[in-house]
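I have a structure here, written as C-alpha cells, and I will follow up with some questions on it.
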Amino acid sequence: MNTSLNYAYYPGCSSTGTSIEYDMSSRAVCAALDIKLNDVPDWSCCGSTPAHTVDHSLSSALSARNLNQVASIGMDSCITPCPSCLANLKTATHRMEDEAFRNKVNKLLDKPADTRVSTKSVLQILVEDYGIENIRKKVVRPLKGLVVGAYYGCILNRPAELMQFDDSEHPMAMDNIMEALGATVVPFPLKVECCGASFGIPRKDVVMRLSGKLLDTAHAIGAKALVTACPLCQMNLDMRQNQINHANGSHHNIPIFYFTQLLGLALGLTEKEMGMNKLCVSPRTLLDAMANEETIKEKAA
Amino acid sequence: MPVLEGKELRIVGFLCNWCSYGGADTAGVGRFNQPTDLRIIKVPCSGRIDPLFVVKALMNGADGVLVSGCHPRDCHYAEGNFYARRRLEIMHKFLPILGYEPGRFEYTWVSASEGQRWQQVVTSFTEQIHKLGPAPKIVGPEASDTLSLMQAAL
Amino acid sequence: MKVININSSYNSEFVKEVEEESGQKLNLCYQCGKCTAGCPYTDEYDICVSQIMRLTQAGQKETVLKANSLWLCATCESCTARCPNQIDVARIMDVLRHMARREGYGGTGRVKTFWDSFLSSVKNNGRVFEVGLLVNYISHTGRFWTDIDLGPTMLPKGKIHFKPTEMQGKKEVEKIFMRFKEESAK
Amino acid sequence: MKIGVFVCHCGSNIEATVDTAAVAAAAREFPGVVFATDTMYTCSEPGQDEIVDAIKEHNLGGVVVASCTPRMHEQTFRRTVERAGLNKYLFEMANIREHVSWIGKDREANTNKSVDLVRMATEKLLRNRALHPKKFTINKRVLIIGGGVAGIQAALDCADGGLEVVMVEKTSTIGGKMAKLDKTFPTVDCSSCILGPRMVDVAQHPNITLYAYSEIEEIKGYVGNFEIKVKKKATYVDWKNCTGCGICMEKCPSKKATDTFNEEIGKTTAINIPFPQAIPKKAKIDPAFCTMLKKGKCGICAKVCPSGCIDYEMKDEFITEKVGAIVTATGFDLFDWTVYGEYGGGRYPDVITSLQYERMLSASGPTGGHIKRPSDGKEPKNVVFIQCVGSRDKSVGRPYCTGFCCMYTAKQAILTKDHLPQSQSYVFYMDIRATGKLYDEFTRRAMEEYDTNYIRGRVSMIYPKGDKLLVRGADTLMGTQVEVDADLVVLAVGAESSAGASELAEKLRISYDSYGFYMEGHPKLKPVETNTAGVYLAGACQGPKDIPSSVGQGSAAAAKVLGLFSKDQLESDPQVSIVDIKRCIGCGKCIQTCPFGAIKEIDFRGMVKADVIETICQGCGICTSTCPQGAVQLQHATDNQILSEVNALCQF
Amino acid sequence: MKFQKELKDSIRKALPELDVVIGWCGSFDPLHATPHFIRREEDIDKLEIGPLSVHNLATYLPGLRSKKVGIVVKGCDSRSVIELLQEKLIDRENVTIFGFPCTGVVDQAKIKKALGHVGNVQSCDISDKSVVVVVGDQAHSLKLSEMLADKCHSCRYPDAIISDYFVGDKIGDAVPAKADYEALETFEKLSIPERFGYWLKELDRCIRCYACRNACPLCVCRDHCAAESRDPHWLSQENNVRDKLMFQVIHAYHLAGRCTECGECQRACPVDIPVLMLKQQMNKEIRDIFKYEAGVDPEATPPLLSFKMEEENITEKDW
C-alpha cells in the first residue's frame, strides 16, 4: 500500500460553518488512513457558483489565488471535500491552459497563476489513490444493517471531460465504499440529479421541489439514510428536511450523512469525532440499531 | 508561374491514388476550405514514393513536402505504406543533417473518406511551413538553364 | 405571441459575441430538446433551455437576455453532460448571464441578489461569512423571515458564527474584485 | 508531342473561382502545347467532340484536360481520345475542381495554382508512352460474403444467371437480420414468409455452394482470379448427416446458452438450431456452454442423435475456393446502447432494444409473440419508444442517421396496438424520416389510426419509479419537459458496421469510412463497385439500408458480376512495371518487396535478371522505388514522369 | 607482420583452386600500399599486410562474380563481404576469405596533415606505437594511435567476422576507444542554416569524379548508377552544387541499412569532402529505429526491404 499519500488540503468556506462535520470527518479519516493533509495556507473562497455567473476570469482568479497558495508550500496536488470548490479549481486550471484567458486572469492577480497544480476530490483520492480494497482491510466496525443510498449530486462527476472521475451518469465510488464498509447499498436512481443547489435562500420553493423528490425517491427504494459528498446537497437534504416535509406534506426522517462520517465510524473513530451530533436529522436510531446488530453478532460469536 | 509572392510558399504533396488523393477529393466535394499553397502529385501508392523525390523537390526549391498514403493496414496494395513508412521516416530524420528544418517534410495517412482530416492536415502543414518561412535555396546563375536542360533530358 | 421578422430581428453581433465568449458553435444545436428534457429547473423557467438555445441561434438578443431562466440556472451541467452535439450549454447560460449583467437586464431577481450578496461577502472577508451573507441578502430583499425557522436547530450545533473567520490575505481577494471592476470598465 | 489543353468551366463550378481562359492562355506557352482552350462542360458531348476535332485538326499527340478529379472522368476522356485514334494513355488530367475551385475562393491564387497543375500535367504527358493491355482468362465463379437478404438476392441472381456461387455465412444460418424481424414495413407482411422461400432457394439451387458457420480467412489474387481460404468453424456436428430433427436440442441439459438469434431475450441449449426455419437446418454446439466440451462429462446429444453425427473432436477446417469476383454483403450490427448511462446503461431489464422487441413480437420468438416485460412477465400498458439511440449523436461517435428506425418504430407502435389493444404507445423522435414509397403514409397511420403519441424531443433520462420506468424527455413543440410513466421502453438502436468489417476490408483491400462502412467506387455513379476491381458491395455493409434498398443493391451487384463475366477474357491494366534488362543487376530487391509475387528471377545470357509477370503486377510501384538504379520502372508513373512533375512545380 | 607468413602459406595452399587472390602490396612509395592481385604462386611473396592495408578489397568482388576469388580482409572489410553475400551479389562458394586480426590502419590524410607537404618518402617504419617516416632525409616520428583512421578508434570488429582461413590470434571483442559518430555529434551542434551552408561550401569543390562511388564496395550498380543515367534522370551533368549534393544524398540513401562505414568513400575523395558523415547519419537512424546493423549477418533482411505492421520506434505526427 502506498503510505506516502500527501496532499494539500483546501477545506472551502462551508467547512467553517454549515458543513463543519464534513471537514472534521474528512480530516480524521485521512489521519486514520495515514494520508497526510497540508492545509492550504490562508486559503480564500473559490467564488463558487456566483463568481462564474458574473465572469469567468473573476471566477478563475479567485480559484487561481488558492492554486498559488498551494504552490507556495511546494505542492502540486490538492484535494478538497467540496464538489463546488473542486469544479471551480479544476475549471480554472483547465481554462488557463489557454494563453489569452490566462493573461486575462493574471491581470486580476498579484502574481501570475501557477497552472501546475491539479485538484481532486477527497472521494477520488480515497478510491483511486488509497483504494477501496485497502479501505476494506481497515474496517473494524462494519456498518451492518445500515440500508443506505448514495447520492452524488450534479457536479461531482460532470462534465465528464473536466472532472475525469467515475461515471458521469452512474457514479459508483460511494456505493462501492459503502459496500466495503459493510452497509447494504440500495441503488439510488437519481444519483446525479440536482438538489436545488444554492437556491435554498433565494428560491426555497425550488429546493423544496427538487430535494423533496430526492427524499421521496430514497424513501421509495427503502433507503434508511443517504450518503453525500457535497456540503450543498447535504445542507438541502438535512438542514432543510423539515422545511421540505412542511412544504410537501411529507414525513421524511432520513439521516443524510457525509460519506466520510460513515467511513470514519467503520474505521473505529468515534461519533463525536465524526460530528454526528452536528446533523439536523438525528441518526441516533440508525446508529443504535447498527450497534445493536454488532452486539448481537458478538454475542453469537 | 511562381507562387504568389508574399502570399504562398511552394508546397508539394505526393498522394497515393487510392486513399489520400480520394481524401483530398472528398475534402473538395465537402467544400472544406484549404490554403492554396499545396500542389498535389498523384502516385499509385505511397510505396511508389522514393524518398529521394522529397529531397529532389526541396533541392529544387520547394518550401515544404507532404506525403500522404492509406492508413497502415489499409493499403490498396496491402504493403506499400508499410515500406513507405520506414523509408519516409528515415528521410524525415535525415533532412535536418542536410540543413532542412525537421518540419519541412511530413508524411501522414489520410483515407478516402477523411475529407475533414485532409483539410486539417493541409491547413496545419501549410501553417507549419509558413511558420518556418521559405526553405534555404541553392542559388546560382545557372539555375534556370539547368532546369530547362533537366526537363529536356527527361 | 409576437410575430417577428426573422432576418431583420437577427442580431448577428449578439450571436458572434455569445460564440466567442462561450467558445461554442451555436449552429451545432439541432433542437432535439435533450437539454430541456434533463433540466431540473424547467419547472421554474419562463423559457426552456432548448428554446434559449434556439432564440440565441436566431439572434433574438432582447428576448434571451430578458429571460428569467438565466437567473434560475444552477449550472448543474446536466444539459452539457448529455448534449448529443457536445455543446457546453451550461457555459452558454453563464455567458448569457454575463451579458445580461453587462447590459443591465435581470437586476431584480432574488437569485441574483443572493449571488451578489455572496460575492460581496467574499470581497469583504476573503471567505464566505454565512451569517453576514444572510443578513446582507435580507437587507436587500426585505425577506426577514428567510430561514428564521432554522435558527433554533442550527445554533446549538456550532454551525453558526456571528463573526467571519479571519484570514490574512483578504486584501488580496478584495484587490481581485477591484481589478476586475477596473478591467470591466475598460 | 503536340499537346492540346482543355480547361473546363464545369458550369460555374470551376469558372466561378478560376479564370479558365487565363489558364488556357498560360498553357499555350508551355513546351509542346500547340492548342489550348477553355470549355463550358468538357465532359458533355459537344465538349468531347471538341477534343476529338482538335486532335484531328491540330494533329495532337496528347491531350490534357483540366477539370474535375480523374476519379470522376479519367475513363470518360480516355475513351474520347481513343475515339480520335490516340492511345488512351496519351492523356492527362489536372484536377482543378476538387483540388482547387472547391476548396478556396481566392480567384487569383486558384488561377495560379491551376496553371501549375496544368503545367505539371503537360510535362508528365510529354513523357507518356502508348500502353497496351494484355488479356487474361478468368474464373467465372463468384463468392458472396454474408447470407443476409442482400447476399441471398445477389447469390440467387448470379446463380440464376448461370454462375457458380459460393456463399460464406458467419453464423450457422443464413437470413441475417431480416430473419429476426416479425413484420416488415410499410406493408406489415410477415418477414419470414417473404424471406423463408428465398432461403430455401439458396439451399436448393444447384449452382450455390453454402458454407454456413464459416469465415473468410484469407484472400489472394485479383479480379478474375481470386483464391479464397474459408474457415469452416467446428460445429461438433457432422452436417452431412444431421437431419435437423432437433432431438438433441430437446434433450440437451445445458439450457443457459446465449441465444444470439433471439437477441438474448431468452436462453437456448448448448446444442442448438437457431430457429425452426434455419437454413441450413443443422445443429451446432456452443462450446462455451457444452458440459461435454468443457468438462468431458455428459454426451447426451451423442447418445440421442438418431444419425450419430455428434463429433466432440471436430476441429476447424480450411477450404480453398477459386473465384473471379466477390460480392460483400456483410450487413450491419446494432449500436451498443449501454454507453447511454442516462438510459440506465443496461441496468433496467424493461429497457430493451428494438430488435429484442421484434423477437418478442414474433410468433416464433421466445415469448411466442406475446409482449411481456422481461422483469415480471406482465403485459405493458404504456410502451415508450425512443428514437435515435446511437444515431445522429456526435457524443457517442454516431453522427449519421441510420435511416430506417423511424419506419420500424412506427411499425412496432402499430404492432403493439395490434397485440395489446389497451396499450398506449409513445414515440420520442427528432424528425420523422419516411422518404420511401408509402413510407410517410405509414407513419401517419401509426398516429392517425393507431393513436400513437408522437412527442418531438429527445429523452434525457430513464429511471425506475416503483415498478414503472419514468421517462423524462422534452416536447420541444410544447416547449417544455415531459414525463411518461412507462411499463416498457424500447430503444430504436441505430446501425453500425458489423463486427470485423474493417478486418475483412483489409483482406479484400477495399476502403472503409471511419465508421467501418465500406466505400463505394463513387457515391453516385458506382454505388455497388469498390475501388478494387472485381469486388462489389451489397446491402448495409456500405451504409445502413432498409430491406428494399438492400435487395436492390444485391441485384445490382449481381448484375455487375454477370457483366464482368460476360467476357471470357479480361484486359489487364497496362500500368505495370517493366524491367530494363540492361540495367538490372539481378540483386532481387524488387522480388523481395513485391507484395504480389509478380516479379520472378530469369536467366539472361547467364546472368540473373528480374522479370515482371504483367498479368499479376498490380501497379503499386514498390519495386520502382526499391530499385536503386531504377532498372524497373512502373509504366505511367516512371521516375522520369514523376521527376518531370517535381521539376514543373519546383523551379529552384 | 608476425602472421604474414602464415597468411602466405594459407594462400599458397588455396591458390591452385582459385583464379585470383586479392591482397595488398607495396606501392609507389614506402608510405602507401596498393591492392595486389595474386594469380601465380610467385605473386604471393609481394603480399604485405599491416596498417597500410587501407583499401577495402571487397569492392572488387562483384566485378569478379564469375571467377573463383580469394580475398584478404580486415574485420571491417569482412562486413562488406557479408553485406554482398546477403544481397546475393556474390556467391559464397566462389569466394575464399582470408581473415586476420587487424589492429588498425592509418589515415593518409592525417599523416599528410602531420607532415605538411609529403614529398619523396624514403622510408616508413611502423611499430606498435609509432610511425617513422623519412622524407628528404628527415625522420618524422608520429604516434601511431594519432595516425589511425577514425573508424579504427570506434572499431568493434577487429577480426574478420566471416572467413575460411584465419591467421593469427583473434583479438576478440574490442572495446572501442571512442563512441560512434563523434564527428556527427559535433556537426549536430551547428544550427540548421549553418549545416546547409556547410554542405554547399564543401560540395562546391566536388569535381564529380565519383571516386567515392567507385571505392564503395556496395555501389554495385556500376555503369547503371543513377548519377549518370538518363532514365531515370535524377541528375544533370552540370557543374552545380545542387546536383553534387543530391548525388551524395542518393548515395547515402541507397546505402541506408547496407553501409558498413568502411569509409572508402571519404578516403577516396581527392578533395577531402566529409561524405561519410551522411552515411553515418543514415546508419545512426537505422540503428536507433530498427536496431539493425549492416554487415554482421548474411541471413538478415535489411530494414528497408521489410516492415512490421506496428513499428515500435516510429512515432507519427499527430495532426
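To keep things simple, chains are lettered A, B, C, D and E as they appear, and every chain counts its residues starting from 1.
In this text, a residue touches a chain if its C-beta (ideal position, glycine included) is under 8 Å from a C-beta of that chain, and two chains touch if they have at least 3 such contacts.
These figures come from a predicted structure and were not determined experimentally.
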Grouping of chains that still touch (sans chain D): A, C | B, E
Chain labels contacting chain A and also chain D: C
Remotest chain, chain E as reference, centres from CA atoms: C
Contact-richer chain pair (by C-beta pairs counted) among C-D and B-D: B-D
Whole-Å gap separating chain A and chain C, where each centre is the average of the chain's CA atoms: 23
Centre distance in Å when chain B and chain E are each reduced to the mean of their C-alpha atoms: 35
Between chain D and chain E, centroid-to-centroid distance (C-alpha), Å: 56
Rounded Å distance between chain B and chain C, as computed from the means of their C-alpha atoms: 51
Junction residues of chain D - those touching two or more other chains: 342, 593, 626, 639-640, 643, 652
Junction residues of chain A, two or more chains touched: 168-169
Touching two or more other chains - residues of chain E: 233-234, 242, 304
Which pairs of chains touch, using the document's own definition: A-C, A-D, B-D, B-E, C-D, D-E
Parts of chain D lying in touch with chain C, wherever the complex brings them together: 342, 388, 392-396, 430, 456-461, 472-476, 479-482
Contact set on chain C toward chain D in their complex: 30-39, 42-43, 47-48, 50-51, 78, 82-86
Chain D - residues contacting chain B, complex: 26, 31, 69-71, 95, 97-100, 102-106, 108-110, 112-113, 115-117, 119-120, 123, 127, 505-506, 509, 511-514, 519, 531-532, 575, 593, 595-596, 618-622, 624-626, 634, 637, 639-640, 642-652
Footprint of chain C on chain A - complex, ascending: 13-14, 16-18, 20, 42-45, 47-58, 61-62, 65, 69, 104, 107-110, 154-155, 158-160, 168-169, 192-194, 196-204, 206, 209-210, 239-240, 242-243, 277-278, 280
Chain A partner contacts - residues on chain C that touch it in the complex: 40-41, 43-44, 72, 74-78, 80-81, 88, 90, 94, 97-98, 101, 109-111, 113-116, 118-119, 122, 126-128, 130, 134, 137, 141, 146-147, 149-150, 153-154, 157-161, 165, 167-170, 172-173, 175-177, 179-180, 183-184
